[in-house]
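Have a look at these structures, which come just after this line.
Two complexes follow with chain A in common, the first pairing it with chain B and the second with chain C.
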Partner chain A sequence: MRLAFVWDSRRCIGCMACVIACASANHPELLREAKPNPQWNWLGGNIRVVVRDVGGRPVLRLVSCQHCDNPPCVHACPTGASYIDERTGFVRLDPSKCVGCKACVVACPYGARWLHPVTMLPEKCPGPFCSEIKKAVCAEVCPAGARLVGDLDDPESPVNEVLRKYKTERMLEHLGTEPKWFIITG
Partner chain B sequence: MKTSRRDFIKISTIAALALLGAKSYDLVVSRRLSESLLLEEAPVAGVKFVKTFGGMCGALCGIQVGVDGNGRPRVVFPIKEHPQKGLCGRCASAPWLWDNPLRLKKPMVRVGERGEGKFREVDWDTALNSIASKLKEIVDKYGYKAIAITHHDAWTYYMSLFSYLFGTSNVISHVGMCHAAGTVARGHVFSAGGPPSIDPDYENASFLLLVSRTLSTASMGAVHRAMTNERLEIVVVDPRMPEVGFANVKWIPIIPGTDAAFALSIIYVLLEEGLYNADFLKKYSNAPFLIKPDGKPLTEADIVEGGDARKYIVFDAKDKKLKDHREAVDPDLWYVGEATLKDGTKIEVKTALTLLKERASKYKPEEAERITGIKAGDIRWVARKLALKNGVVHDTWYISRNGNDYDDVRALLIINALLGNIDKPGGLCFQESARFPSVITVKTVEGKRVAETVYGATMPEELFGDVTQPRVDRAKYKLTPAQFDAVLDAILEEKPYPVKALFVIGTSPLMRDMNTRKVIEAYKKLELLVVIDILPTDDAGYADYVLPDTIFLERDEMTSTKWTLHAVVQKQSKVVDPPEGFDVRDALWIMFEIARRAFPERAKALGWDDKYANYKAYEEEFLHKLDDSIISRLAATWKIDKEKLEKALEEEGYYVLKRKEYYVRPYKTALGTPSGKVEIYSLAALGAGLDPLPDYIPPPAYTLPRAPNEFYLVNGKGPLTSVHASLMEPMKFVGDRSVWMNPRDAERLGIRDGDMIELESIDMGLKAMARVKVTEGVREGVLFTYSTMWGRISKLLPEGHFAMEGINPNLFAKGYVIPIVGGGASNSSVRVRKL
Partner chain C sequence: MGGVTGAPGRLTAFIVSLILVIIGLAVIVYGFTRKEVHVISWGLLVPAYTFFALISGSAIILEGAHTVLGYKGPRGELARIVKIGLWFSIATAVCAWLLIAAETTKPWIFWRIFTDFNVTSRIAWMVLLYAIYAVIVIIQLIVVIRAASGSLEKVELALAFLGIIVAVALYSNLAQVYGTIAAIPAWYGPHLAAYFIVGVVLLGAAGQTLFIMPYAWRDEELKGFLTQFYGRIMILGVLILAFLTVWNVITAWYNPGVWAVYSEIVAGAYSAWFWIIVVLIGIIAVLVLALYATFKRNAPALILAAILTLIAGFVNLSLLIIVSQTKVPEVLGGLYRLAAFHITSWEAIIIVGAIILWPSLYVLGQTLLPLLPGEKPKRLFIFK
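== the complex of A and B ==
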């Protein structure tokens, strides 16, 4: 199984439901104290919002772990704490092996990892609540139908359906990271 | 058993957090890291989902709230099958509302000066008795009409009940600063009401034009239907790019306050290029009505002795005769000619459509380009797209901006009429009514009027008090759905009569209404100001009494579903009890208990027994009776089994009473306009002393910016806009408290992204500071900031709270109200200085 995320940039209206729901479900202990995620100076969740002017108007990108098939964070990890979960294809962290060296944080070209200000563990998607309910909260809450999670190895999966149907791109693909996080652009 | 590093960290964290006095850190503890995401769906241990509807704004989307084993709301999901499913950043932050440290926990009485923010906590009896005693004093001196109540979305259903409870007609909502001008326009063109009495059929539309309307505010059901419609092409016309512009949407920036010129130019292109639906206009609109030189319609009474003034005359092209529009076979849309009046006088008459085209000809695309800043080619492109793709123009919503907004909306609605895409799949459609029973209705029994509640209590006419007195806002603006500015005038000038007591329920005039300084002056002159709310709004800081309300997660309620074309009823189910130590009460209970103490005969007549002073008795008996009556009434109205309805509301959270039926109005059912048709030439407007056709006038609400350092200051809403949601912790990071400036303006003034600037109102002389965001998301010469969120002044907020950053745009709005229509204006103009 190789689970992948799809984000439909044509549909996303930037309502922030996924961003806030991810933080609220996965890291309420940070928000109640209004402690920022120090990496991004942002709320303690796994989705970062990037808005840049491109071609004369603001363009939005939602950035979280890309679940690379060739993940720099896994390669950089000296202890094997960062690994690809063979059952899901997701990049995960085994905290029992983490020595807090932050190599994964530095290695990730997407800046998708952030240090929990209390535990100092390098947090990332999927968060603990999503893992527990076995659902991606971001996809569940999206009002615009702009988010999808599914198995790339299953030809019948809705993810493969949309990948066949639409033009997609992956962020920083040229780095050879083989991200499993697709953006529908047209 | 080995202790892992993570376990160690967890233990240390728990200890540290316990020392900090933290309440619920079960999440860190309960992580089950051995399990992987998405192998199979399984409910998380102890998390239960309760179906309800969202109350973080007035949209009331269908949601389900996940509550963990500790009874704490943790996450909000949509109800997938709900006709208005979805949630945005507001409802996503609802878990923070429940035990938010800012929440009002106990009744408070003011001990310092108004606005000083000094309060003392008191028990409910003390607060309610004191309020009741003061109210009695005010009523004895000035009458019931000296009491006013203002509200927004919370408790709206009960407002007419409160009117009878307190004997006053002055229950005046937020609408004057929201959709008032649009609602008057909807009434004039389509005899429709407030939004969404008519709304685009998003899921079937092929081209949608949004002018000064962003879908990303409220109505996530509409967002879902629009964004999942693969055929739909969307164009947004707005001085700033609303969030919906992030999607695959064409954004056309427009100069603020010029929407009518843009819309009239579209009308011109449609008429000039023959891109209108002639068949629809002939049969279902008053486009062929003949209009006399005095602007009035030619009727049978004009041409025949004893003729009927309600028989509007058209020229029938089939037999070349003037006749009643209902009898004409082929009404001529473009007739211009002579008509002989009954006294033999000959006058020139023109069709309404001819007059519309003459008006629109003032705004040919090249001229409209000069006014609006939109290229003539783009105007023609939009017009042609609308016609060729059978498009629809949104009827707008939050429109109280520039003081000329009534004409904007009328012109936009007329575009829909010209396209004839009304009440058809993909068109502008009438919402099916859920026929939700009113909480109180007036009947005549044996020649006397009686007010009867939905649960069967009756109030005789003798107890009506001042309910039938003219509302202060309608005395000043006769067509307005609501205009709170008139309440301020009644407080300050005591005209048409003094208002001395004000209840502010779940809203914030200081954030909501224009000219903040005037609101403060009025507050200071009141004899009694009671704020019933859940969080310390700026207004709470000025109150004599602050009474803590329950939040939507803590109560049962029923309502019709707002943003769907179907007739749907939905239920809000109590998700959680208030947290320990929060001595909060429903505003409904609060208002009845104040009335019971001040005017016992009124409360009793409306079914309030003394035993309901006990909150448990109120919850178990009164609310049960109320809910049961509403369900019984709905079941009887729709001829459905009551138990079935109850079960569906309990289990699904909603019930579809009737699915949208297309091609009804105006095809089978006449409209409520004077002619019974769609009125491109508004006879109701004419009767009210307004121009029957829309026109463009430069914004009268503020001085136009002229100098290089002068800007329009426009405001708008977004998916986080809410007086309450914006105080939640996530907004500290996600909420945008900046003022947007175009990069070319920034470069010209030497301002960089993140710089602090001073804004000085051109009309009001007031100054405020804000941080600049340099972005292409706003057109040149314009500054944008979000409304009703930032620039808080409440002394009840902790010092340095993030919501105090940024500006409240209403501070700069001078307080212009559209005559007769009564819409307010929140935009303004400012001078900018880099700090």
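== the complex of A and C ==
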């Protein structure tokens, strides 16, 4: 199984429900204590918001772990604490093995990892709650149906259906990371 | 030298250095307990570790010149500083390890790097190679101490060869820890490997000058020899480093993506540090002072050059490692993530602890081991 994310930029209304849901479900302790993620100067969640002004029009990107097939974070990790989960194809982190060298945070070209202000260990998608319920809360709460998660190895999965139907792009593809995170652009 | 080798003076030196070692360790632990998350991932402790790690490679100067090439000096002067030079490397390596341990979140599970070794990780290789290198230098020191009571030249030669090979692998790999990270394009693998190996020689010569020269101060012949020996190494080292620095700038200039980040160092907010500390002081002033010291056999000039080299080396490593994390390419082309860097109090505390520990551990070793010229082991195989 190779689970992948699809984000439909045409459908996204920028309501930030996914961002809030990710932070409140996966790191409620940080929201309760009003502790931000100091590295992103943002909520203690796994989705980073990037906005760029193009010709007076804002272009939005919601950045989280791209679950790369060739992940720089996994190559950089000295203990194998960052690894590809063979059952799901997701890039995961085993905190019990992590020494906290931060090589994965530095190695990720997407800036998708951040350091938890209390444990001082890296955090990333999927967070502890999503891992537990085996669902992506960002996709569950999206009111516009702009987020999808599905198996790339299953030809019938909704993700493959969408990939066949629409024009998509992947972020920083030229780096050879082979991200499994697709953006529908048209 | 009588104060150190004489029994009452030695006891005082032992007690004072032991107390300072304990204070240094306590300061490092205290700083570690006050740690907080940094805006950038690798803060000042990483360049500080790299700085000490490069200096600890200075054993290769002695291994290369004395043991492998067989250069002993006109009156065997180099042979007289081999033991103290090797101990200097070990004491410096201990400071480097403590700094990198303090940089990690859970240093108590460091052993997992060996048991769960990831072959694609540069950091895993760094830890393994550094451990091998340290073991080689420790064995070398034991062999050299024992050689005082019998010839062990072939063993010394084999260890020196092995030490140099492992050191080249170690420092090339350490450069790749930074140099192969695609997310930070101002770091260049191939350049940085050469940069780091030259850095080992230059910073190592500066470190040995500062720490070994005081023991030669009253011996005019030895002082004159060491002034010229380290002076020549520093002249060559600084010239190669200047060439590599120019090469880095030119290469960055021709890569727009890299230049956007590297220009922060040479023309941006950090450029004063680069031009004044690295270029003016670290290259030009050091070159002039080292030339003067070598041709005039002027030891104070060389010591000043060594101090400036260490300051400039630390600043240079900090610029290379930190500035590149303050301006990182974003997922949208042409956009950069920006982060401000400031030195935190806990980082400063840990570095102060390492600075206290460094000379204290070095002196403590001398009070216990026969490292100075003419000293021989009398107790427990290698002790005075």
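Basically, the second predicted complex is superposed on the first by the 186 of 186 C-alpha atoms of A that agree within 3 Å, B and C clash if a C-alpha of one lies under 4 Å from a C-alpha of the other, contacts with A are read in each partner's own complex, and residues count from 1 in each chain.
The rule is simple: contacts are C-beta pairs under 8 Å (C-beta built on N, C-alpha and C of every residue); 3 or more make two chains touch, one makes a residue touch a chain.
Remember, it's a predicted structure, so these values are computed and weren't measured experimentally.
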Residues of chain A touched: more by chain B or chain C? B
Please work out whether A:G80 is in contact with chain B alone, chain C alone, both, or neither, and reply first, second, both or neither. second
According to the stated criteria, A:V59 is in contact with first (chain B), second (chain C), both, or neither; which is it? both
For A:P158, decide between first (touching chain B), second (touching chain C), both and neither. neither
Contact-wise, after the overlay, does A:V137 reach chain B, chain C, both or neither (first, second, both, neither)? first
In the superposed arrangement, does A:L121 touch chain B (first), chain C (second), both or neither? both
Once the complexes are superposed, what residues of chain A are shared between the chain B interface and the chain C interface? 41, 59, 98-99, 119-121
As the complex stands, chain A meets chain C at residues 38-39, 41, 50, 52, 59, 61, 63, 72, 74-81, 97-103, 105-111, 115-117, 119-121, 171-172, 175
Chain A contact footprint on chain B (complex, rising order): 4-6, 9-10, 13, 16-17, 20, 22-25, 27-28, 30-33, 35-45, 47, 61, 66, 74-78, 85-89, 91-93, 95-96, 215-216, 220-221, 223-224, 227-228, 241, 243-248, 251, 719-720, 729-730, 732-734, 743, 775-777
Once bound in the complex, which stretches of chain A touch chain B? 1, 3, 9-21, 23-29, 31-34, 36, 41-43, 49, 51, 53, 56-60, 85, 87-88, 90, 92, 94-96, 98-99, 118-121, 126, 128-137, 140-141, 143-146, 149, 186
Going by the contact rule at the top, pick out the chain C residues touching chain A in the complex. 35-42, 103-107, 109-110, 112-113, 116-118, 120-124, 127, 177, 181-184, 325, 328-332, 334-335, 337, 339
